[in-house]
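My questions all concern the structure below.
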Amino acid sequence: MTSAYAATPGGLLLVLAVMLPAAAVLAMLVLGPRRTRVVALATLALGLVVALAIGLELVRSGTALIYVLGNWQPPLGIALRADGLSVMMLAVTAVVMAATGLFARDLFGLDLATADGRLGTSFWTLLMGLWSGLNLVFVSQDLFNLYVALELLTFAAVPLVCLDGRGETMAAALRYLMFALLGSMLYLLGAGLLYGAYGTLDIRLIASASQHGPAMAIALALMIPGLLAKAALFPLHLWLPPAHAGAPAAASAVLSALVIKAPVFLILRLVADIAPPGSAAVAGQVLAVLGAASILFCSIMALRQERLKLMIAYSTVAQIGYLFIVFPLAGVGDGTAPWGTIAWTGGALQLTSHALAKAAMFMAAGIVAEAVGHDRIRDLGGFGRAPPLPPPTFGWAGLSLMGIPPSGGFIAKCLLLTAAAIGGHLWLALTILAGGLLAGGYVFPVMDRALATPAEPLLLRKPIPLRLELVPLVLAVLAVALGFLPLAPFGLLQIGRPDIALAVSP
Amino acid sequence: MAESLTLIALFVLLASAAGLAIVLRSHIAIEKLMAVQLLGTGGAATLLLLGAATAQPALADVALLLVLLSAFSCAAFTLGEGESPEAAAKPDEPS
Amino acid sequence: MGLADAFTLICVVAGAVLFLAGTLGLLRFPDTLSRLHALSKADNLGLGLIVLGLMPQQASLMGGAKLVCIWLLAQLSAATASQLIAGIAARRKPQA
Amino acid sequence: MSLVFDMALVAGLIALALHVVVTRDGRGAILAFMAFGLLLGIGWARLASVDVALTEAAIGGGLTGMLLLRAQAHLVRHAAHPAALPTDRRRWLVPALSCGLVTLALAAVVLAFPRPAPSLAHQAVASLEATGLGNPVTAVLLAYRAIDTLLEKIVLILALVGVWSLSRDAAWGGASQLRPAIIPEPLVFLARVMPPFGVLIAVYQVWVGADLPGGTFQAGTILAAMALLVMLAGLRLAPQTQSRALRLMLAGGPALFVLVGFLGVAVAQGFLSYPEAIAKPLIVGIEAALTLSIAGTLALLVAGPPDRAPEP
Amino acid sequence: MSAIALTSASLFGLCGAALVGIGLFCILTHPDLLRRIIGFNILGAGIFLVFGAVARRGAAMGLSGDPVPQAMVITGIVVAFAATALAIALLRRLASLTGSATLEAATPPRSET
């Protein structure tokens, strides 16, 4: 058990990725409302640099980045470790965070009363807390430390939902809190059982244990549903649509694009890294069934929504479903190395393109709601004429969600479809196709309203600066541009995942 | 000696919990509060006895906290009582 | 069994019996105020006897001083607590 | 004998928990939960985890009860308030069965834990020397797993920012209204006499925490309770949440922690590692600063969102 | 002595299991949100007791228990308290705004600015 971890040169960057936003929270508290935004924007710039440096270091060294906190080796201490997948998540998070920062600066700038007031100041502080928690989820190797990371996310995300202070959003936030707390509690209970059985909470040390008692199965059976409640997979999705639709647009973008990916990432860690092959295969099958149900059911729910933001929120639950059908497609648990398969690459691409596209969509919807004063789809006829850029943003992002070429979403869904065909998972292939069609079903009507000529022109409440509209457009274009990316960079995803892959393939 | 002290600790705990067990079924809130207070003092006594029985002097610190905070919870309770008369008048959280 | 241990046992048992008396008072006395009275008397005396009894068992002077502190604090909080409760009871009376 | 005692304690805990769930009386449920907290503190003492027993006695026996009682009083005034469990069997039978299943599965795992039990006690004790501490729990909290403790402070501050964000726009930055309209005389007496004792006990807890059970959480909770008592009795007004001094106090502990952490990169073996020669004074210093921050954060969490407009 | 300690640890572990079940039931079925919040605290107490049993079983080296899970419980208790405080602040605000302390039915807002 000695020195399972040796710190690598760039390891300290991982500490910076976690501590920089956390320190920003403290600085904001001390410096007060007037300087909160400046601190946030500076932190966003620095954090982007840190994420870039981590990426470069990963490419340069070709191995995972490792840091041992306080030089206390696990199992007594805690190690941070970033492999290819973690670094991809860190990078996507940094990009979406930075875009959200630029967007929020101008969005709150529209209304001077809120800029330095309760809404703006709370938003920036919570956003930084959120970022710290997300980065920690992606790099921590210790299950209890990950619990603390999940709680950082919960405490930062829930108040974001009800910043507007209305009764409905208060109820949505409370329901979200209940689900999130229940999830954390079940996760913590599972961690306690694992500690009782293995005497450590370090992911790699647990994975290297040779014998598994009933504790492992029960712990997974508690932790995975707990995390599913946080990830809002069908049928535990009830809290998500009102919460994500009720939050301010900048907050919805982060919540939908990033926050629910954190529990998904942890489930992946548990199933792929910790679970013994037998349990992993069972868990993978169950997760795939739930994922498919999520895609179908919530796409249909999205079709039936009358409000734009609610529709986008239901679409989030549907798109999250794709991430769960990756498990059997990538062959998790049946002895092959899942990291090299095309399904794995497809899943990673889906995760990235959805993060970009969904953030763009929520921002665009936020601009429309801000300009027109509501987001009832029926009454939005001709919104394409008013602020000019949201409709194209919506369209580009929609391409990616539907999986229409050329877009990141297309390549992702194409890879998943191929994997399903090769693996003989006919039902999954059909689900992927149906999900694409249904996504078209909810994206096209909105585009139709945008281009329609209304009987009476829409009344604009306030002018929208072009800069504000540009941010989501850039994100949406990025989501599409992922489709033109050669797939080689996704080979990076295999960095730092040799343990299992090497054992199987020579 | 340790055995007898543990036995007496059990007796004190049961004696103070018995009151609570019966009073919790009544409908008078104050009496429940009184029973909780009794349990607080009884709990402190139990901890002292256990500390002596198991040679853990630090348990006295826990007992110290219990007696320190027992008045605190009583104060919290009275506060709820005191608040009710002004309920209508006080603009606590208008929307 | 030494003299110290005998002293401890006698005091502690007497204290324990007082706790039982306190509970009986809580259950048997007719009205809230007299119950309160019985309760605070019994449990403070009970705690006092137990503290007194455990004195010889303490290894250090510090430990003994802490026990006395606990008893004093219990006196203080019991006194105010019973006044607070009596206050509520008095306010409740007219309605009941 | 000890086992009989433990069985009685466990029976009491379970009975109280059941009572909390089934009783129709909302306030009675809270009082029963407070009694539950008391018994739980004794339970932790029986598990020989005195550090945890202290924390549970302070939080479970004190602050949580106050939080719940205030909320209950508020809800009774403002809202329709269903009190009883659903009587319709379809509503509770399935949850009851599945919860029973969870309990059974857990019980099976607890009984089947490997023997001898895996434990980090050896390593924790072996590394104690490098920290200069005598209490291994404090060593875990402030050295081996210091990042957990540090980020948990950030969690507390985020919770407070979240609670503050629930105020009305007009009251944001102002103070909470803690003082009741009628202040009973004994409460004022208590608020004058008790806090000196509380402060003394808190200082003692931080001081002995390095070597004996006790430490910054317990001390912070006691201080928070004392501060609340003073504000409840109207001796002091609750502080304005926009006050710079208050904010410095809240952020000071974690900020010092972060600074010392990064200092470790320069002069010791990395982030959150202490130079061996001055490890103990550093840790006690961090604990002292953290105690104030925790006290402030917990007290303000209980006080709730500000509801009076700020005064410059 | 060690046999007794073992049994006692398992006993509290079983108590933890029971409390987890009771807390979960309260969270899933009770219509009153305040009671659900208390249910979360009972669930938390049960989970922490499982940790406590694990810690007690790990007694070694002259320590009465494994200090690592004990430290985790201390962290956990404080986080659970913060969660309770946030939940209660939300609940109070919800009650003030809508006059309802339940999520069961979407009651129309009573007053809004």
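So that you can tell them apart, the chains are marked A, B, C, D and E in the order they are listed, and the count of residues begins at 1 in each.
The definition used in the following text is that contacts are C-beta pairs under 8 Å (C-beta built on N, C-alpha and C of every residue); 3 or more make two chains touch, one makes a residue touch a chain.
What you see is a predicted model, and the numbers here were worked out from it, not measured in a lab.
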Next on the checklist: Once the contact rule is applied, which chains count as partners of both chain C and chain D?
Outcome noted: B
Checklist entry - So which one's got more C-beta contacts, D-E or A-D? => result D-E
Item to check | Furthest chain, CA centroid comparison against chain E | outcome: C
Checklist entry - Which one of the chains is farthest from chain D, going by Cα centres? => result A
Item to check | Mean-CA-position distance for chain C and chain A (Å) | outcome: 57
Item to check | Rounded Å distance between chain C and chain E, as computed from the means of their C-alpha atoms | outcome: 31
Next on the checklist: Suppose each chain is reduced to the average of its Cα coordinates; what separation in Å results between chain A and chain B?
Outcome noted: 46
Checklist outcome for this item: Per the C-alpha means, the centres of chain B and chain E lie apart by a whole-Å value of 20
Checklist outcome for this item: Two or more other chains are touched by the chain E residues 20, 50, 53-54, 57-58, 68, 72, 75, 79, 82-83, 86, 90-93, 96-98, 112
Checklist entry - Where in chain D do residues touch two or more other chains at once? => result 2, 46, 48, 72, 74, 78, 102, 106, 110, 113, 117-120, 124, 144-145, 148, 152, 155, 159, 162-163, 166, 168, 184, 187, 190, 194, 197
Checklist entry - Could you say which residues in chain A touch two or more other chains, in rising order? => result 76, 144, 148, 151, 155, 158-159, 162, 165, 167, 189, 193, 196, 199
Item to check | Contact set on chain E toward chain D in their complex | outcome: 4, 7-26, 28-32, 34-35, 37-39, 41-42, 45, 48-50, 52-68, 70-75, 77-79, 81-86, 88-93, 95-96, 98-102, 104
Next on the checklist: For the complex, give me every residue of chain D touching chain C.
Outcome noted: 184-187, 189-190, 193-194, 197
Checklist outcome for this item: Note: in the complex, chain E contacts chain A through residues 20, 27, 33, 36, 40, 43-44, 47, 50-51, 53-54, 57-58, 68-69, 72, 75-76, 79, 82-83, 86-87, 90-91, 93-94, 97-98, 103, 106, 109, 112
Item to check | Contact footprint of chain A on chain D as seen in their complex | outcome: 102, 105-106, 108-110, 112-114, 117-120, 123-124, 127, 143-148, 150-152, 154-155, 157-159, 161-169, 172-173, 242, 244, 247-248, 250-251, 254-255, 258, 261-262, 264-265, 268-274
Checklist outcome for this item: Seen from chain B, its contact residues with chain C in the complex are 1, 4-5, 8, 11-12, 15-16, 18-19, 22-23, 28, 30-31, 33-35, 37-38, 41-42, 44-45, 48-49, 52, 57, 60-61, 63-64, 67-68, 70-71, 74-75, 77-78, 81
